[in-house]
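In the two assemblies presented below, chain A is common to both, partnered first by chain B and then by chain C.
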Partner chain A sequence: MILKTLSKEFKESFRNGKAKIAFSIVVILLFTSVWLSMQKYNNANKEYLKATESERHIWDNQGEKNPHSAAHYGTYAFKPKQPLSLIDKGVDKYVGTTIFLEAHYRNEAQFSAAADQTGTSRFGELTPDFILLFLIPLLIILLGYNIFTKEKEQGTLFLLKSSGASINQLTLGKWLSLFIPIFLCTTIVFIIAGILLSNLNDYGTFSWTSLISMWSIYIGFYIVFINIVMLISYVSKRSGLSLVIALSVWIFTCLVTPKIASTLAENKYPYPTRQEFQAMVTKDKKQGLDGHNTWNEEAQLLKEKVLKEYKVDSLHQLPFNFDGYRMQKGEEYQAAIYSKHYNNLKAQYENQNKTYKTLAAISPFLPTRFLSMSIAQTDYATHWHFSDAAEQYRIQTQKFLNDNFAQNSVFGDWKYKADSSTWSALPQFNYTPQSLSTIIDTNKSYLIILGLWVLLSFSTLYLTIKLK
Partner chain B sequence: MEMLHIHCMKLSCATSFYTMITLDNVNKSYGDFKALKNLNLTVKPGEIYCLLGANGAGKTTTINLLLGFITPNTGTISINNINVQKSALKSKQYLAYIPENLMLYPNLTAVENLNYFSGIGGKSFGKKALETFLDDAGLQREAFHKRLSKFSKGMRQKVGIAIALAKDTKVLLLDEPTSGLDPKASNEFGQLLKHLKNKGVAILMATHDIFRAKDVATHIGIMKEGELKYEFETDKISLAALESTYLKIMDYKTLEV
Partner chain C sequence: MFKYNFIYEFKRLIRSQWIQVLSILLFAVFSFAVFNGQQKTQKRLEEISSVKEKLKTSEAQMLSVLDSIEQGFQVSVSRWRLPSNPMTIGNKHPRLVEMPPHQWTFISTGQSDMYSHYVKPTVQANDFELSFTEMTSPTQLLFGSFDLTFVIVYLLPLIIIAFGFNILSYERESGALKLLASQPVSLTFWVFQKLVLRFLWLSVIVILTLYLIFSGNGINIFKEMATFFSLIGVICAYMLFWFALAFLVNIFGMNSAKNALVLIGLWILFVLLVPTVINQVGNTLYPMPSRTIMVNKMRSIKANATKKQDEILDNYLRDHPEFAINDSTQNRTFWHRYMASQALIDKALKPVVSNYNKQLRKQQNWLDKLKWLSPSMRVKAALNNTAGTSTTDYENFRNQALAFSEQWRKHFIPFLYNNTPFSSKDYEHIPTYQYRQKAHSNMATIGILFAIALLMFAIGLLASKNLKYKMNLTIS
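Let's turn to the complex of A and B:
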């Protein structure tokens, strides 16, 4: 009976012009978006490789130069495109992919325009994640809103029941008729994306495990939606009513709740404005050691401490250039200030995440959105991870340059120039993203919430059909 | 055991002891409204029992009780000696039902509809067998592979009969099956019912159509306000007497010409 119902539903859907057209449009859009995304991914990857090589070439070929001039000259940390960004671009487009690394400053390009983590600001872009997150649930509604109501309207449900049909088997057949086409088109798209990505050698971090994990998340999301749509159709008397309710659920789940979540999170745990943030950092920096300002009170104290430690009367008697030493100490102090303030920002980010997690209980869209971005490594957490790695590299670079200055010159010798081979001794910036297990562990609450949505929707559908 | 059961059925049929449809002292109320009052009714194999009555007389309630969709307040209902209240699903193995507006699946062909409904009943037939059932039900061959969206009500009723034939049903319940049919289609439908009756099917038909009832039924019951007021053996009453009794029970005044 399950197979007969499945076959009957397929025939009906296939012969229904509206369902056929809607399904074809979504499938074409999905494949087109993957193809477009692949082109963009390839271009971005080429640009990344070109920019990385070019920037390194410039750094290595600075010629003879004072190390502190090189520190101010600076370099760039480029965020590599993660393979699964092919499917979910996440917040990448808004947080920027380049951080300028220079002395004394932790630049904050990453905070440019990312105000909305949930994706509603990206609504309408032809990207695979837009189609997977917004259009496929709509397709489920179009295919399934009348899956029971049409039987009621035609009187066939009455006839089926009078024929002794098992409602559970009937429901399972209908459920499969909705699930199988969605499952197949999603799976084929992910397989194509996987094959395309696994054949790219330019950035070798693609993992089938990550792809399968992301695919599972979407399949879970669709199961929840199928269950909700079937439940609505089962309790509604008319197809029109069922469609209106199902569309309202879609609007609430995919549009309203994410927007509410963003607004609530931002209102409850606001980030400081850029001006406020810079003012706080500047204030703290002024209260400590300034590597450039020799008359700074902290610089004087450092000088006295070093003279005492090395038991000498003059900075000229030190076995290193005190200017370079002071510069390094100044960098360390400023790095600590940045670390403090960025940790405050991170705390706000974590608090905002808690709000999102709480609201994920009322919309399966939220856990899916966040899990998808996390696995694609295009979420805020990954951006923080990259930003921190870039900052560590900046600190390491400054130490390398200040040490060179301190070790190879004497106090007051600002004319010292490191030779041209110095720069290539600085290790290249290599960003290693977080492992899948770390990502899953960090996002396990979203995973649990989505799992609960799957269980809850199944049990509600089952109990409603059993009791009604 | 099954052989013995079949033997008993045949024996009962021959001796008219065996009943396929039984309603014993059935009462059904909706709040204060009494839809059925002490209904006693039996239909044996090879009988066509027509329930006549105006709207709200309790005909459809009776059918819904037999289908197990509603439960009686008191009384017992059985199909082929299976208590419907206790084993609704089991009792449905023996019955087929054709409602007033049999819609079936408009996007499926007659053969596909028949294939699906016989599958629901746990039976599987090849294309030839399905076509034979449709043929036996009187559907034109050229309509076999056409979608039901293009079918008239009469044609859909024939597919309904084919479903009953494919199920090898013992009991057929019909709710106003000839309403809206043209006289030719109504007559054809009547012939099909007689064919099923001759095969030993017990048929209970709720209808307004006194003339069709007189034509096809072996027994007629007239219901009013949930009560079975009169029961006749059709061959023992003339159409005129039946009509007169019906109108009298319904308190209708005849139009004098």
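Let's turn to the complex of A and C:
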């Protein structure tokens, strides 16, 4: 019975011009988007490698210079593209890719792609994730809205029932007829993406496990949608009505809820503006040690402390240059202030996340969206991770430079110049992205919510069919 | 016949609770959207005024210090922060270059969640060091916000589709079509009347709810009637466009489900696919030069400039003999060398930076050429323009800010190179900034949308003379 239903549904879909056209359009778009995405990915990767190399070259060849001048001169950290961004671009477009690392300041990542584009880019982009998240659910609706209603309209449901066919088997057959084409199409795209990625020369951290995890998230999402569409078709009397209801569900879950979620999150837990944030940091900085200002109260205290510690009565008698030492202390103090303010910001973002999680209860789109981009490492959390890593590197760089200053010069000697070979001794900045298990662990709740959606939609479908 | 159609349609709409449901639905959705928009605008206003307040306080402090210096008193300010140094004023006491919202900004978030609404250009900073992007959670940028534009561009057509996809097919499916066909009226004309009536009702509901919500939120529509009417004009033209589409689909379509599918297909095409594809092609045709490569270039130029600071200063003074002649002290400090290098770096980077604007302009021109491929895209742009939150508005602000930054720098540089101390008298003459709103007109959008809709109605009315044959209603 299951097989018969399945083959009948397949034949019907195949003979139905509309279904064929829609299916082909989605498949063509999907492959086009993967191809486009691939081009962009390769390009961005090349630029990244070139920029990193050339920036390092500039740093290494600064020539003789005071270490603190080098600190102000600074260096840049560039964000590498993650392999799975080929499939899900996530928030990549909206975050900066370049962080300037200099003395005294923690800078925000600059140059987001969206800021360099016209307003139309806010409609969305032709990327695989757009098709996987928006168009495939629509395709499911198109293929399945009349899966029961057509039997009702043609009167064949009664015939089927009276012929002793088990409704469960019938349902399962119909379910499979929707699931198999979607499953195949998604799987093929993921396999192609996997093959493309593993054939790249510098594919970095690409792992098939991540790809498979991402694939299973999408399959879970489609299962939920298939269940919902079948449920709607089962309870609706006419195909037209079923279609309208299913589409309303799609609009609500995929378009409206994310916007409501972001609006609520913003209203409830607003971010400061850039200027406000900078003003708060500056205010805190003023209250503490200023590495440059000798007459600063904190600087005086530090001086007394160090003199006492080394049992000497003048800064000239110290075994190191106190200027360099004070600069390093100032740097540490400022780093702590940045850490405090960025942690506040992070806390606000965690709060916003709670709003998203709450609303994930009414939309299976949200957990899928978040899981997909976190596995692809194109989510906001990855951006935080990168900018924290860059900040750690900045702190490390400042220590390297200030230590050099303190150890190789005498107090008051601002004319000191470090040797031109000094700079290449600084280790390179290497960003290691989070591991898949860490990502899964931080996104557990979304995984649970999506799992619940799968379970609940299955059981509701089963119970409705059993009871009605 | 029109009279009967009007009366029965009205009765039917009331009895089927179409009008009631729609009014409540629209009221709820519009209210939420307007509330959100208002909150954003409010926040923006508060931020700007709080920054202004802070600048005023620090200005008052600075002026009193300056006054003390002029009176010959000792002041407890570190040497490099003395306000008699023109560089202190130029860097530590900048003017606020702000882009305040106006009365209608709340209707569209547009690009306002991405860009800053105020900057404080200083003398020392390069143009490309001014950051115009805002600190927003990128997740929020990805999802977008629930504003009036979203409701109008995305949701309103869906409401029209939901209530207009089965006008004719429903009659047939319920068996009433044969009765109707026996009436002395053309079926096409009957569908036309029905859709026009629904359009009128929907327009009345939309205008009334908007009016109520606007007045409830303290928006005085009588203050800027023209904008309100142009807003209403855009919305009505857009609705008429979708009703016209529904009309064509009703006439040429078959059963309800197929009609709904076709209309939804068109919705996806206009709202999701066309803008996405056009944008993609625009980006491919006129790609933005890489920012990372730009950073590299900037670094090399800067590295060179730092190495040759003294030489650069000499060259600079050779190019600007007026500075060298007027100054008797010939005192050269860090700032002299620094500003000369900055000028050089700015000059060298100008073509690189303007390349971005050029490419952005090209992309915008490309979109302008193809804008009518999707009326939704057009309407969204028109609403963003009305709200003053479109890409061009922010570009306009950016250009104004950069021009002011230039003016600001130019004002202080003679002080620096002539080694003239800054006095409180000079402070009265420093440049100030006033944002100039870019004027937009929606008349073309409204006119063309109406024309397209009318054309579609005309095509439907003319091309469907054989509708009765198609519906198998003629007796042969």
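Please note the rule applied: the second predicted complex is superposed on the first by the 452 of 468 C-alpha atoms of A that agree within 3 Å, B and C clash if a C-alpha of one lies under 4 Å from a C-alpha of the other, contacts with A are read in each partner's own complex, and residues count from 1 in each chain.
Here is the rule we go by: a contact is a pair of C-beta atoms (placed from the backbone, for glycine too) under 8 Å apart; a residue touches a chain by one contact, two chains touch by 3 or more.
Because the structure is a prediction, the values reported are computed rather than measured.
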| item | value |
| --- | --- |
| Partner chain in contact with A:328 - chain B first, chain C second, else both or neither | neither |
| Partner chain(s) touched by A:387 [first = chain B, second = chain C, both, neither] | neither |
| First (chain B), second (chain C), both or neither touched by A:422 | neither |
| Touching partner for A:253 - first (chain B), second (chain C), both, neither | neither |
| First, second, both or neither for A:37, with chain B first and chain C second | neither |
| Touched partner set for A:162, first chain B, second chain C, both or neither | first |
| Chain A residues touched by each partner, larger count belonging to chain B or chain C | C |
| Partner chain(s) touched by A:4 [first = chain B, second = chain C, both, neither] | first |
| Which of chain B and chain C A:16 touches, first, second, both or neither | first |
| Residues on chain A engaged by chain B in the complex (per definition of touch) | 1, 4-5, 8, 11-12, 15-16, 154-156, 158-166 |
| Complex contacts: residues of chain A adjacent to chain C | 18, 36, 47-48, 50-51, 54-55, 58, 62-63, 73, 76, 78, 90-91, 93-98, 108, 110-126, 130, 134-135, 138, 142, 145-146, 238-240, 242-244, 247-248, 251, 255-256, 258-263, 265-267, 270-277, 279, 293, 295, 349, 352, 356, 379-380, 383 |
| Residues of chain B defined as touching chain A within the complex | 67, 69, 89, 92-93, 95-97, 99, 101-108, 112, 115-117, 119-122, 147, 163, 167, 173 |
| In the complex with chain A, residue positions of chain C that touch it | 36, 39, 43, 47, 51, 54, 78, 110-111, 114-118, 120, 131-146, 150, 154-155, 158, 162, 165-166, 169, 173, 255-261, 264, 268, 271-272, 275-280, 282-284, 288, 290-293, 295-296, 299-300, 303, 306-307, 356, 360, 363-364, 367, 377, 380-381, 384, 390-391 |
